[in-house]
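Here the chain labels run A, B and C in written order, and each chain numbers its own residues starting at 1.
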Amino acid sequence: MRDFTLTQEQIIATCAPVRTQGATSEKIRGLQSLDKAQAGDVSFLGNSAYEAQVTTSNASILILPKDFQAAPKEGQLQLFCTNASLAFARVCGLVERQLYPKALPGIHPSAIVDRDAQVHPDAHIGALCVIGAHAQVHKGATLHAGVYIGAYASVGAGTELKPQVKVMEDCVIGERCIVHAGAVIGSDGYGFEFNAGKFEKVPQIGNVIVESDVEIGANTTVDRARFGSTRIGAGSKLDNLVQIAHNVNIGCNCLLVAQTGIAGSSILEDYVVMGGQSGVGGHVRVGAQTQVAAQSAVLSSVPGKQKLSGTPAQELRDTYRQEVLKRKLPELNKRVSEIEEQLKKIPQK
Amino acid sequence: MRDFTLTQEQIIATCAPVRTQGATSEKIRGLQSLDKAQAGDVSFLGNSAYEAQVTTSNASILILPKDFQAAPKEGQLQLFCTNASLAFARVCGLVERQLYPKALPGIHPSAIVDRDAQVHPDAHIGALCVIGAHAQVHKGATLHAGVYIGAYASVGAGTELKPQVKVMEDCVIGERCIVHAGAVIGSDGYGFEFNAGKFEKVPQIGNVIVESDVEIGANTTVDRARFGSTRIGAGSKLDNLVQIAHNVNIGCNCLLVAQTGIAGSSILEDYVVMGGQSGVGGHVRVGAQTQVAAQSAVLSSVPGKQKLSGTPAQELRDTYRQEVLKRKLPELNKRVSEIEEQLKKIPQK
Amino acid sequence: MRDFTLTQEQIIATCAPVRTQGATSEKIRGLQSLDKAQAGDVSFLGNSAYEAQVTTSNASILILPKDFQAAPKEGQLQLFCTNASLAFARVCGLVERQLYPKALPGIHPSAIVDRDAQVHPDAHIGALCVIGAHAQVHKGATLHAGVYIGAYASVGAGTELKPQVKVMEDCVIGERCIVHAGAVIGSDGYGFEFNAGKFEKVPQIGNVIVESDVEIGANTTVDRARFGSTRIGAGSKLDNLVQIAHNVNIGCNCLLVAQTGIAGSSILEDYVVMGGQSGVGGHVRVGAQTQVAAQSAVLSSVPGKQKLSGTPAQELRDTYRQEVLKRKLPELNKRVSEIEEQLKKIPQK
């Protein structure tokens, strides 16, 4: 990491601790885990598994859960916070703003902006961006180098599009979204009609609507609807290399871990969590707050608040129990063979 | 969707119905599902599950299977078609051509075209495309912004390459293909020789041949051959984020759903269907018309016309039956325990 | 493949055979498998499965394992090598250097290089590259068209970045690496804190360090660390569409086949091999030389030198045995039913 410095006052203002203990005269110049922290570092207890490391940590500032009991070392400041992980994340945010300042407003001379596009004067359009006719880029949006915005597409206020993101024609990105490098929003849905021995393309003339506060990972693909819209609900977070098919409707505040795939027309209600490399079949509804384990696949609709795993997905505890027994199949098989042997020795009626 | 209008005559000419019933005076300004359609919309019955919605639909034009029986509402035109879904898809095509007209011929001044490249005057080369020496772009091809065409590569007549598609050196794309944004055709195959504790790269000096009428999804990757060619057969359709390894031979009219992976040197005969997140191991032949379920993996060669699932893939009905029994393992285990208990009570010989 | 020619002397110098047999007067103009080779081709025996094809092969030069016994045809030269596959690969390298000569040093006029970037005069910067402030491109590095290098990032000597690779801010690529088209190095890790019903982003202010001699596949994504570094160890080879999460530590000389995903903070020790579409859960350590089968997932730490498969992964031979028995579940179930029937007929105590 490049050099940075934070003052004690900045950190305290950001963490808003319910109480403090000890004191330090160090400027903060590093972020570290408890065991590796040295003078000048800020560290935190985010996971109770590491509690034992608190008292031996050499960090100058420790961010701790509000009820945690520990005496500070000499020259150590302890900040007790309602959510220590969140407080530490916000301190990281201070560093981020120092090392990665927001790009300045303006259009790079190498960008190619259609005369009929509307770019807010407070937006940043990076080098070699291409912006189509009637596209809109709203206030404070940042388009890094090589972003493509199709005709009639729209990028909301405060949204950041990383290098070479592609937002295809007519698609809408909400406010305060982050789309990572190489992601494609609005590629054609996968639809064909079989006719005379060949697959004839079904035109995909809908769009994608990404609501506000959504994050979309690198090289993820979100297909436009056949007609109507594919939707990514407000606050949902998609990891890298995720595939969202046409006409999918992702609710609000869903988490889709890397390499997940959602097939056409399926619905994820709010707060659904999909583990890595998991999937949802076509035309399926996944109820709110349901969690699907990594590499599992939901092939028919399920209610909310489930914890599912397996292909096809079932209750996690059932999968676990069956998996244990599957691993004992050699033993079960042997038991049955022994019973058969024993039965041979028993006189039959 | 942006505004559009279709006349009754256009729609009838496109659908070529075997008979019609009723009449409407509305111009068509929307496409909708049966239940949501209003005056001015065209809708269709593509799936018998929705038959009940036909009589209550308010669509101005209904596209129906040719033998379907229903009386039109006042001001409603019914078109009875041999393939209602296909007819509707073609109506969508009318809208598509209105909203997304083909790009005009010509080379954008920002494109960088090697002096030894051959670009047909009727092709469209978008902003910031890069076209290498001796590359060929044929009649009516459309390269959207930021497409990369390597030296000696070729793009067939009428083919459309979406933004930032990369066609690497020496690769050949056939006629009337569509390649979606971010796809890479002709990346190096994955091959190494282990030597003196390290992996030494095996040069990948073959190419990729994509035949005609192929569609390739967003961010999909197709590797060039070690030597010779990786082939994607005519009419095959690859979804997003699919991986095709070196020297693979995909037959004609295959369907590969999103996130599928085909390992090196494998062969898919014609009309193979691979479900989402499925795979084929290396040096495997999959017979014509075989269908592989989502998340399954074919690890050894299989004949044609199979329906397979599981890892390693076996007949779908076997997987299903075993899965049912696996889910009853707790019960089976209990039955065996009860038998063992019972046997203890039986006098032995 | 385009035309090329190799002389006998070049091939012998490259293969360094332990002995030779026969002679040919042909110039080499092709590379072929044993069965397809004709006069003018070089071929090789890399897999004992093809031994029978050696004596009938029409290749002008045959590269064979050093202890292989075969008489050359008239006009055929046999080269006996310690590692025939490797020798052939190096001959392919001769062809590669002829057909794909290294790009010349210099900066394409369309590239946008920040005035504070440092580009070695012996590096090649292709068309439409964007290089940020304080970035470094070292001697002999080749950046093909459309590569993005963020501020403070570094590209090592002799490294080749294919079209539209993105190396994000502060990331470091070592020497002699190859990164294929569309790959993203340094996208944000996937981290959120749940707060007041929403997911608040955890800033990802670390970087990625790719050591020397690494190859990274097309459209693969490697996330930057939350803080500290995500590491790809020297000599490791990542295939296409692989996902590496934040703070992962990949050892040296690992192989990660296409579509593999490694979750956050996990460690792969040296020489780990991950099959296609496989995964490793978060905070897991995989011991050196362990091999994980395709579509499997390692969900808890495992020692080295294991051969694993399944989800969760276990010893390959256990998975195999259980899978055989799972496929016999219908039979086992029937056996238990028969026992139950038989027991009914036995008088109880």
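Keep in mind that, in the parts below, a contact is a pair of C-beta atoms (placed from the backbone, for glycine too) under 8 Å apart; a residue touches a chain by one contact, two chains touch by 3 or more.
Please read all numbers here as calculations on a predicted model, not as lab measurements.
A.B. asks: Shared interface numbers for chain A and chain B above half of all numbers used, same, or below, different?
C.D. replies: Mostly different residues: under half of the interface numbers shared.
A.B. asks: Can you tell me the C-alpha superposition angle of chain A onto chain C, nearest 5°?
C.D. replies: Rounded to 5 degrees, the superposing rotation is 120 degrees.
A.B. asks: Return the distance between the CA-based centres of chain A and chain B, expressed in whole Å.
C.D. replies: Whole-Å distance between the two chain centres: 26.
A.B. asks: Show the residues in chain A shared as contacts by 2 or more other chains, in ascending order.
C.D. replies: Chain A, residues with two or more chain partners: 128, 146, 164, 182, 219, 241, 259, 277, 295, 326, 329, 332, 336, 339, 343, 346.
A.B. asks: Please give the residue numbers of chain B that touch chain C in the complex, ascending.
C.D. replies: Of all residues in chain B, those touching chain C are 112, 128, 130, 146, 148, 150, 152, 164, 166, 168-170, 182, 184, 187-188, 190-193, 195, 197-203, 205-207, 219, 221, 223, 226-228, 241, 243, 245, 259, 261, 263, 277, 279, 281, 295, 297, 299, 311-312, 314, 318, 321-322, 325-326, 328-329, 332, 335-336, 339, 342-343, 345-347.
A.B. asks: Considering the complex alone, what residue numbers of chain B touch chain A?
C.D. replies: 1-2, 31-32, 83, 85-86, 89, 92-93, 95-96, 99-100, 108, 110, 126-128, 145-146, 162-164, 178, 180-182, 213, 215, 217-219, 235, 237, 239-241, 253, 255, 257-259, 276-277, 294-295, 323, 326-327, 329-330, 332-333, 336, 339-340, 343, 346, 348-349
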